[in-house]
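Presented below are the structures under discussion, each in the form of structure tokens.
You will see two complexes here that share subunit A, one where it goes with subunit B and one where it goes with subunit C.
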Partner chain A sequence: MASPENAELAASGPGRAGRSLWADALRRLRRDRIAVLCFAVILVYVVIAIVSPLLFPRWSDEHDYDNINLAPSGRHWLGTDALGRSVFQKTLLGANTSLTVAFMANVIAVPLGMVLGALAGYYAGWVDDLIVWLYTTLASIPGIILLVAIRFAFKEVVLFEDSFFKMDLDEGMAGVYLALGVMSWIGTCRLVRAEVMKIRELDYVLAARAIGTRGIVTLFRHVFPNVLHIGIIQFSLGFVGAIKAEVMLSFLGLGVGTGVPSWGRMINAARMELVVGRWWQLTSAVAAMFFLILALNIFGDRLRDAFDPRLRTA
Partner chain B sequence: MAVFILRRLLQAAFTVFGVMLLSFLLFRVMPGDVSARYVSGKLGKEARQAWLEKHRLNLHLLYNKDVGFRPWRKEFYDAQFFWHLHDSATFRSRSYKTNERLTDIIADRAKYSLAITVPAMALGWLLALVVASVVAYFRGTWIDHVGVFVSVLGMCIPFLAYMIGGQWLMFQIYPPAAWGLHNPFNIYVPVSIAVIAGLGASVRFYRTVILDEANRDYVRTALAKGVPLPGVMFKHVLKNCMLPILTQLVMVIPFLIMGSLLLEQFFGINGLGDLLLTSINDRDVPVVTGLTFLTAVIYTLALLLTDILYAVFDPRVRLR
Partner chain C sequence: MNRDGAILTVRDLRTHFFTQEGVVKAVDGIGFAIAPKQTFALVGESGCGKSVTALSIMRLVPHPPGRIVAGEIVLSGKSLLDLTQRQMRDVRGGQVAMIFQEPMTSLNPVFTIGNQIVEAVRLHQKLSRRGARELAIETLADVGIPDPARRFREYPHQLSGGMRQRAMIAMALSCDPTLLIADEPTTALDVTIQAQILELLKRLQGRRGLSILLITHDLAVVAETADAVAVMYASKLVELADVRTLFGKPLHPYTHGLFRSLPRLGQERKRLETIPGSVPNPLAFPSGCKFHPRCPVGRDLPRCQGQEPQLREVAADHWAACWECPGYAEAKPTDPARPMPYRRADDDPAK
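Coming up: the complex of A and B.
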């Protein structure tokens, strides 16, 4: 086993002393006014997502059949839905659903993709073959078939029943983010694998190996930190994909359960509502999504530019 | 070259096998008894058993457990999974629901999907390329900034909203201009929705590709020699950009055949996407797995084709 000092020496390697990639990227991001603005917008959404369920805990039961489908007014800021519930509150609560689904899907997908990608890139041979086979197989099936199939497979499934971690895969959000999570790691895996294959050949890795560090230790202590930024970038970009996928699933009737307020269900409801002139559900859901996705898109791009100036896009 | 193609074909075979195994398992773990949907309960247990036997659902799932794990024996392969592989590979699958052959169903439905996706892809590709060229040509100016910003804005609206809004808008402008049963020729409504919804992402991607190419040394040399900018852009840069752009196009083709599931669902178009969704709902497993098999095969072949195209058109790429 190598001593920690040796390992640190090997990890720091040649290059600019004192300023890490992370500090560098953070500095670039902080200077970027648009990135800061987008981050602020994302933070506002996160706060709304956390606070709104505390403010309106009983929203889904507040049926008011005397005031269904009201247009926006002073009393109902964004009107009411088909059960007389406030669309304004529904929109705020939708942030919770969207962000939870997107966050959890990426919490599953990104680490999965990173670990598998790192293993495939570092160990080559049969490990690589197996992992590449796995993701080519998944990529060859149109994503939507896979999503729909997984959602159907989750029908009537409840995990960890009677415990604190109860997960209703059919009606709750858990089914949606699990399905999204297990199928959206491919992009991350590909990127990490390619990067690890490059890093593996660098001198400092050779040095770490030469002093007798074990393979798995080299990989996770010396190589892995150098691909972590890919994970962060993929995380921010994956958010957008997951939010859009949630809407798509709601449209197909496979989204979150009936009691859960979600933007996807609101837009889906507008299919029938718009023709009779009820525009408020559609507009508020689309507007809420629009600003969140816009902020996430721009922030993701800036994040990528900050971490990897070579990859500068738009 | 031949060795490369052979090796890739072998890999493709493994991939398709994986797709078959995965789709088979996914649709087998769906809860519920399939036979209950297709055989009336009044007919009794025997009828149901007969139906199961007819579709070989009484066999073991992955391999014949009666002979044990002995792959060298012929009886080993007498199991649901291998019959499913056999039927798919020989195009003999039949729908549970209508007992039609899958090939006939697909031939019948594919034209509706293609009628939407082919014009949508061609138009979208052309439009995106033109816009991206213009935007890249004026890089750094306000035209570029506005173009990129509008593309990003377009990417932020969910596809669903495009469909609902587009149809509603057409109806507001002039009712017969919208898509409907009495106006089945108004196919331009779904097509243009698909084009517009996809435009933002494509423009951004093509612009990146074009700018990548425009920053290369040979472009600087050409400009230094006095070749006018439009000449460089359209003669050299665009030609060299075609490779990544065409690659991306080839990769999309298999998913075109599936049709746009959402569009077909919303506009009630009888294409393959619609078929897929109703088949999943009806537990018509042969149809679903057959469609998955079809896409997987075309996708892997398209991947192989792009690799070969790369080697043919770019002498720097060597196939190993």
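Coming up: the complex of A and C.
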């Protein structure tokens, strides 16, 4: 049979068998040099975030009152802060705080937004009304005010004290990422809801129902995988938002406690320092943030391009 | 065998959509029956209620706003409208399967073809993963997909339209249904592939003893595959007969119109005839016979404008709903939900 179908089949070759849309997107991403470069930068930050607490476990207690506020030198690469601690180490440790908060905030926000969005989009009716009501209410409150309110509500709250899962909602990072997490699912929820509403009407969903799949299974097995890419993209973009939000909260004194090194706290400290010419804390924190956020932003964009079916080429 | 030897009997089915603008009576009292191994075609323009009829049989009418408000659907002696959701899920895919118009969108892009068939199989049969896989590959081969073991591992976007429709048919047939609902299965395909798919359906029907409810607006497809035909207009059946009778001696002016709007071989080239006007708005159907504003016969007749004709058996096994068609006045409104005698009974089961 020399039908056009067979010709196409022959041309495609055995290598094409079984390549999913995901594999396709990943392949496109791997070919994108800028995306790979940005991913490498992000990886470097991740490694620093993981390794730095192991390298400098006692940093916050290493007060050295003979060497406070030193400018960068051979001995102190990025100078010292008001307590004589290394700003270089502080900057590296700040990556840990930023990435932990951003990661955890998105681990909370993205699945929450996706599940709520999927339920709202699929079931319509009162489920949709309820979820839409919930997020429009939340969205109508200025984010920063709500964040501040939540942070004040967390004052001196410590969960699971004396256990491995101890969560210091006041001084530790947990309070920051919880607050950010419960606030930043709205965008994901909206996107997923709209996409699910679109997919719900497609024939393959009806086909799934027509072979006897039950409703909730249809949603999570047949519809959900088709919106998963939104989760990934939102995760990467939400990361940037969370990093900035942590810095902002810490700058305002509503972020992590004094014992936790943070870029936001470094910038806060610079308020007093800059007038007397101590520029190194601010510069280090801003530079560290700049490259991370730049890399994350570009990577997020490229990720979206790779997953966008409209930009697909054969 | 149930009381009248039909696989599927639909009686006085009414499916309405309760929208903000008003009640849309998408299907309003239709009845027909499909005999075993028969292909029953439901023909009509877009929006006449064909697809809603199919969804009603599957009990998959989107709710809200749609609801089956009255009627009876009996499949192999089982009244589908009385089943629980759970029992209905066993029927779907088990006894009735469905294939769709658009093979591009009727397969899930994130799963392999095999994955989707295996899932359908395992919903209805107690088979191991391996057993289901074997059955799936077997079914893929059965629907004429070359190299089924490889296609099994491929994703829908790697298949051509015709191949996808074959895969869809394989998925529908994997659980050996007794009735296949084909909702415009060839509309989105080009003509050569159309012929292949229709040929395939016919072959599978002969071999598996399948009954097919074919929904289409393509009279050529009907002529080629159907045994019995119902013509639907504005939520109701206007004519019902076996395919030869309907093509040889159509009675309803709407059916006439459909035939006249077909191009004919050997005919001098001129503009194709059309049926004047358009499909009526389902929120405001015309009074009397719903077809009368477009009807060349009854446009100005007071009875057509004032009173709606019901389906009557104007000749043996030939129903029509038109005041003006010959024999209507004397005919009896017998129950149209009676299987047609069909001509292709033993045509080619061997193939």
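Remarks
What we mean here is this: the second predicted complex is superposed on the first by the 291 of 314 C-alpha atoms of A that agree within 3 Å, B and C clash if a C-alpha of one lies under 4 Å from a C-alpha of the other, contacts with A are read in each partner's own complex, and residues count from 1 in each chain.
The rule is short, and it goes like this: a contact is a pair of C-beta atoms (placed from the backbone, for glycine too) under 8 Å apart; a residue touches a chain by one contact, two chains touch by 3 or more.
The structure displayed is predicted, hence computed values, not measured ones.
Of the two partner chains placed by the overlay, neither subunit B nor subunit C lies in contact with A:107. In the superposition on chain A, A:41 contacts neither subunit B nor subunit C. Contacts of A:197 after superposition: neither subunit B nor subunit C is touched. By the touch criterion stated above, A:213 is placed in contact with subunit C alone, subunit B being left untouched.
Of the two partner chains, subunit C is the only one touched by A:21; subunit B is not.
Applying the stated contact rule after C-alpha superposition, one finds that A:148 touches subunit B and leaves subunit C untouched. When the two structures are aligned on the shared chain, A:222 is found in touch with subunit C, with no touch to subunit B. Contacts of A:158 after superposition: neither subunit B nor subunit C is touched. Looking at the superposed arrangement, the partner reaching more residues of subunit A, out of subunit B and subunit C, is B.
When the shared chain is aligned, subunit B comes close enough to touch A:248, but subunit C does not. On subunit A, the surface touched by subunit B in one complex and the surface touched by subunit C in the other have no residue in common.
The touching residues of subunit C, counted against subunit A in their complex, run 58, 60, 64, 85, 89-94, 97-98, 100-102, 105-112, 119-120, 123-124, 146-147, 150, 153-155, 157-158, 160, 162-163, 168, 171-172, 175. For subunit A in complex with subunit B, the touching residues are 133-134, 136-142, 144-146, 148-150, 152-153, 155-157, 244, 247-248, 251-252, 264, 267-268, 270-271, 274-275, 282, 286, 289-291, 293-294, 297-298, 313-314. Looking at the complex, you find that subunit A touches subunit C at residues 1, 4-6, 8-9, 12, 14, 16-22, 125, 202-204, 206-214, 221-222, 225-226. Here subunit B touches subunit A in the complex through residues 11, 14-16, 18-19, 22-23, 26-27, 29-32, 148, 151-153, 155-161, 164-165, 168, 171, 204, 207-208, 254-255, 258, 261-262, 265-266, 276-277, 280, 288, 291-292, 295-296, 299-300, going by the rule given at the top.
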